[in-house]
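To keep things simple, chains are lettered A, B, C and D as they appear, and every chain counts its residues starting from 1.
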Amino acid sequence: MTLPLISLIPALPLAAVALHLLLGDRLGKRGTALLACGAVGAAFLLALRAVFALAARPEADRTLVEIVTTWMRAGDFSVDISFLLDPLSAVMILVVTGVGFLIHVYSIGYMAHDASFRRFFLYLNLFMFAMLTLVLADNFLLMFVGWEGVGLCSYLLIGFWYERPSAAQAGKKAFVVNRIGDFGFLLGMLTLFAFGGTLNFTRLFAVAPHVFAAGGTVITIATLLLFLGATGKSAQIPLYVWLPDAMEGPTPVSALIHAATMVTAGVYMVARCHVLFRLAPVSLEVVAVVGAATALFAATIGLAQNDIKRVLAYSTVSQLGYMFMACGVGAFSAGIFHLMTHSFFKALLFLGAGSVIHALSNEQDLRRMGALSSRLPWTHGTMLVATLAITGLPPLAGFFSKDEILSSAFASGHFGVWLVGVAGAVITAFYMFRLYILCFRGSSRLTHEAEQHLHESRPSMIAPLVVLAVLSAVGGWVGMPFQAGGHAFERWLRPVFEGGPAFAPARELSHGTEWALVAVSVTAGVIGILTALRLYLQSPQTATSLASRYASLRTLLVNKYWIDELLDAAVVRPFGAFSGWLWRFWDVVIVDGTVNAVGYALEGASAVLRLFQTGFVGTYALFLALGVAAMLLHFLRHG
Amino acid sequence: MSGVIPLSWSLALSATLFVIGVVGVLVRRNALVIFMSIELMLNAANLAFVAFGRSLQSLDGQIFVFFVMTVAAAEVAVGLAIIVNLFRLRETVFVDEVNLLKG
Amino acid sequence: MMAFPWLSWLVFFPLMGAVLLCMMPPAANRLIRTWATVVAFAELAFSLPLWWRVIPGQSGWQFGERHDWIPSLGASYHLGVDGISMLLALLTTVMTAITVVGAYASVEKRGREFYALLLALETGMLGTFFSLDLLLFYVFWEAMLIPMYLLIGIWGGPRRVYAAVKFFLYTMAGSVLMLVAILALYFMQRTATGVATFDLDAFYALVIPGGAQTWLFLAFAVAFAIKVPMFPLHTWLPDAHVEAPTAGSVILAAVLLKMGTYGFLRFAMPLFPVASAHFAPWIAGLAIVGVVYGALVAMVQPDLKKLVAYSSVSHLGFCMLGLYALNPQGLAGGMLQMLNHGVSTGALFLLVGVIYERRHTRQIADFGGLWKSMPVYGAVFLVVMLSSIGLPGTNGFVGEFLVLLGAFRADTPHVGIPLLHLAPTWGNLWSVFAALGVILSAVYMLRMFQRVMFGPITHPENEKLADLSMRERLVFAPIIVLIFWIGVMPQPVLDRVQPALGRTLRLVETRMQVSGAALPATRFAPLARSAAPPAGPAARGGAAGR
Amino acid sequence: MIFLFAGFAALLVASSLLVVLHRNPVTSALFLVLAFCSLGGIYLLLQAEFVALVQVIVYAGAIMVLFLFVIMYLNLRQDVERGVQTAIRRGLGWLVGAVLLAEAFALIAKRWQVGPVSGGPEMLEGNTQAIGRALYTRYLFPFEITSLLLLVAMIGVIVIAKGRGGTAAADDSAEEKP
């Protein structure tokens, strides 16, 4: 009996969640950890099995669909719970389960002495279930289930230490901003269904070219709405404000959700709907521009942050910008490739930061770190690899994926986007090495008691770091450029991205220009590194002097362009005031008032009538007589 | 007996009598006089009954007068009892000084 | 052999229980409670077979019972059930059983009368759902008010009398209008067919001229709109909820509000199809205003119960939007939303009741950091809240999505926006605003949840609050099961209700043709299209897409 | 015959006017007696002999006696009509009276002008026998009811006049007062 290939993968974490709930505390810390990691590990193995089964199939028909049941059917609308495995989702489930497993192992050590250990792993498993459903969904609605599911888990995990008001606030902010994105996603889905007649990916993409006029308003609006959802989930420019605050959650959460998996959901969705986006070039432009803008914008803010996790958070936003840029210029496979490599080294950076914070007993401020390289050898080593990878130095993963994005941006004629990308690369290299130096090199600015029990993290935390380090070193080779039919990764994803309507093929660059582009991106990285080294290592005082000279610029960056305060004033407060007015004035005074007014009017009228009851018999007799007179009059007239 | 009294005359008389009764009720303050005026009105009605009975050749008019009388008698008895009681409580018989029924 | 009058038994069994209850000594609290629970659960047990005995596909009313009631008028005691009323009846029995168990702690004084009224209320509700004779429907409709009025009036909070009177008069004013309309129908029926009857099927067959239909529809609509409650007529709800005792406001929210939507679905729509189609944009518009307005106002409520009350205004706005999208998805979504709202808002009120019993205050400011002292309570509250904001996987989402879908495809006359050379129908605009409601509902619910549950414990009393007792967990267990069951597998529920909804829609459609009203070409395109092969949308979509 | 009728009518109208207008209740009571007798006369003219006699006996004899008794019992003085408020009421009273009178006459003029003027044949048998027969055959039931009515009235009067126990003391004191 062959086990159901795909649907078991999300089912395992769900089963683990159920077991956590049922068995409760009887499991104890060891049992909970075992169950949680076991479930994700098993899911990873299953994913491997499924991917191999997929790879075994001929390249043309590399899609596996598994329908579980019909979920909803009303009138001519019907949606069923069904899973789709194709090269794209294969990559995603491998990344999600693989990195997820490593992070689970890491968080055993990290959360070892936390009171609600069980609740943490329960939420993590729930997150894995939701993410896998999102990635494996065969229709928009099931993807939406995963979409909001991960939103919920990020809300729960950010606000994990709920006693801290800032954590609870950040959790709420994350959920609400995600919900605004989901608003767009929902409306996009409705438009697609209204015109496409189905929400199933394969059927919709088959019908799409006939139903939607290429470049027509409907498809553009639908895709823009979907992209709004993506920006909400992947923290791109208007809706990125929640990610930096999401650092309130425990570091493994930041690593898993806000670096490796959840935030990539937006990129995956855009890649999945490449057929639709290709039908609406305007939307693609928007995606590219927003991606580039976010990349640069977030990178600049990253420069001035002093909290180690906030720097990494802005770096994530910026790298996601790169992925969207790739999708925007049509190089969807490059975007996914960068997504994979990014999740390796960014997860590693976060976990490394986590072990640094752990070592310094929860000290997150870069200004009170330094010279840790000797005392935290493993952390330092792995973080160094990751930092080199992200800056895009040749042998490491980051170089291959970022370079491919920049070259495809250049190839498809988006010069502005390419230029922004290169500038972003420089700044990325700069702030990454600033973080590296402030954290590991330079003089030790540790506080006294942090100095006391400074210790290297436990092997259970170091092992995942090492694995991730290897991956971020080797991960890039699968995308070796300059191969005849495109590199292995591209060939793997070709069947997925081939299906769409004929897309203007990017101009085939001559080898010369390609080598030149490679050189440009490498030099960009090196420039960034050198400036960081010179500023922060050789002459720290120049850093401070520079900082003082450009004081205003620096404060601008430190306060994140006051975006949060701006949003708060422009949106949150007026909304509150408006609804306050709406309630106190409109509801209570107008609507309720009219109701009570009717009541009082009646009362008033009856008071007037009461005057006639004078009590004197005389008046009653008078009315009687008047009545008779009136009657007689009537008879007179009508005879 | 020669000519018979024309119906309209009796009715006119009954109407006048009725109106005088009404005026008496409205104008006078003394409960007793009001009572008498009511009696007048009742008799006006009787007259009308008899007049119609006569002109329509049927006895019903007169029988009805008979019933009216019994009612009037009962009414006077009860009315006067009330007035006597009223007088005991309020020392007055004037209608406009009594407004217990004020709503 | 005369079939066992199942429906009458279902309707009057709680009343019998209530009457017997009144004969018990007032002091014997324990006896009263057990007896009330026995009756409630027996009623639930009797009503469960409805789920599989009612054959969804079979047209016409099932388990029909008909006896002469006032022969001279032609009013008959006529009960029957179909997919729609079966589900609502089950909702009633389930929620009443849960409320009876849930209200143990909250009733201090005069428990006997409290439970008797609760059971009598159940009789009124079931009667309304099963009656197919307009006069009988009206009688049960009014009968339902009295126990509710007393429940609020006697066991309520400080301003209970004002709230109870307002509730009673508001609903009464509406239903009096309906009575006039019923009588008008009755006489129209008599003149048209010579047969004097109040029977619903007879009225379904009656062809009502356009002008009269509008006025009659408005009369019915106002009566049901008050009950729903829809936007301008909703102010009685927050007062009634704030002042009502926990059990009272649970039943009020869970079932009584459904009377309005049920009324629209069963009476207003099929009896006056042309008027319904004509007023559909207005009603949907008002529903949307209700959704957004309810959500916005809920955001600033200091009182927990008022917040939940305004949230039900918002949810039921969704329900009405679904119904008046007049297409299969909309109706299915509206119907499902009725059930979901019953379950999740009922649970919300129970949850508020739980902390009210412990702290005797409903102000959000008095709470904070409850999760620490009441983790299980926190978990339940979280699940119910998620169902209320419609998180996928919970029941709320299924209902909301179908409503949005229905509204989006409601093909009322196109409103072209020249500059965008786009042709969004009314439906598109509606669903945009309704989807806005989805965000707002998340905002106010999360704000409340965060200020009640998370954060440090500010008030010392919150430290040692007892977590959910075993009884309370038993109360919430079925609700959570329902939330996830409908969320993950809504199809069994949808299968049971869709044929009945389809009949109503077809009735509306045929009646439109019969009464010669111009059938808006696209209004029932989805119906027509569902028969046509999927290629159909290409033509229509293409045109609009250009 | 007509003259007789006119005489009685004039007498009737004059006495009833005086009943209403006269200040002293006793004199107005006496005028009322006169009015009832003249009315009895008119009944005779209308050949309703039994009613006429009953009228005189019941009304003039019984009811007026009761009236006079009560007036004496309460020994009322002159009615004094003062104050602006009463003036308005009086004015209104007369006004309404005049309106009613005008309407009545207009109605009578319009409606019964053509009424059968003829006296019609003599009664077959005596008026009293006829009334007796009718009363005990067709109108037996109302007849019994009226007797019941009278009984009820009597009981009512006794209860009211006796007053509720407590006031007995009060009403004694009321009498001493002049």
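Everything below uses one rule, namely that a residue touches a chain if its C-beta (ideal position, glycine included) is under 8 Å from a C-beta of that chain, and two chains touch if they have at least 3 such contacts.
Given the structure is predicted, the values throughout are model-derived calculations rather than measurements.
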item: Other chains in touch with both subunit A and subunit B; value: D
item: Maximum centroid distance from subunit D, chain identifier (CA atoms); value: A
item: Pair sharing more residue contacts (C-beta pairs) when B-D is set against A-C; value: B-D
item: Centre-of-Cα separation between subunit C and subunit B, whole angstrom; value: 65
item: Centre-to-centre distance between subunit D and subunit C (centres being mean Cα positions), rounded to whole Å; value: 69
item: Inter-centroid spacing, subunit D versus subunit B (mean Cα positions, whole Å); value: 5
item: Distance from the mean Cα position of subunit C to that of subunit A, given in whole angstrom; value: 36
item: Touching two or more other chains - residue numbers and ranges from subunit B; value: 22, 25-26, 29, 96
item: Contacts with two or more other chains, residues of subunit A listed in rising order; value: 618, 622, 625, 628
item: Residues of subunit C touching at least two other chains; value: none
item: Residue ranges of subunit C touching subunit A (in the complex, touch as defined); value: 166, 169-170, 232, 234-236, 293, 296-297, 299-301, 327-329, 332-333, 369, 371-372, 386, 391-393, 397-398, 401-402, 404-405, 408-409, 420-422, 428, 431-432, 435-436, 438-439, 442-443, 446-447, 450, 453-456, 488-491, 494-495, 498, 526-527, 529-530, 534, 536-538, 541-542, 544-546
item: Subunit C-touching residues of subunit A, taken from the complex the two chains share; value: 69-77, 141, 144-145, 147-149, 152, 155, 159, 162-163, 165, 167-169, 171-172, 175-176, 179-180, 182-183, 186-187, 190-191, 193-198, 207, 210-213, 216-219, 221, 575-576, 578-580, 582-583, 587, 591-592, 595, 599
item: Contact footprint of subunit A on subunit B as seen in their complex; value: 22, 25-26, 29, 34, 95-96, 98-103
item: Subunit A - residues contacting subunit B, complex; value: 610, 612-618, 621-622, 625, 628
item: Of all residues in subunit D, those that touch subunit B in their complex; value: 1-2, 5, 9, 12-13, 16-17, 19-20, 25, 28-29, 32, 35-36, 39, 42-43, 45-48, 50-51, 54-55, 58-59, 62-63, 66-67, 70-71, 73-74, 76, 79, 81, 85-86, 89-90, 92-94, 96-97, 100-101, 104-105, 108-109, 112-113, 115-120, 127, 130-131, 134-135, 139, 142, 146, 149-150, 152-154, 156-157, 160-161, 163, 167, 170-171, 174, 177
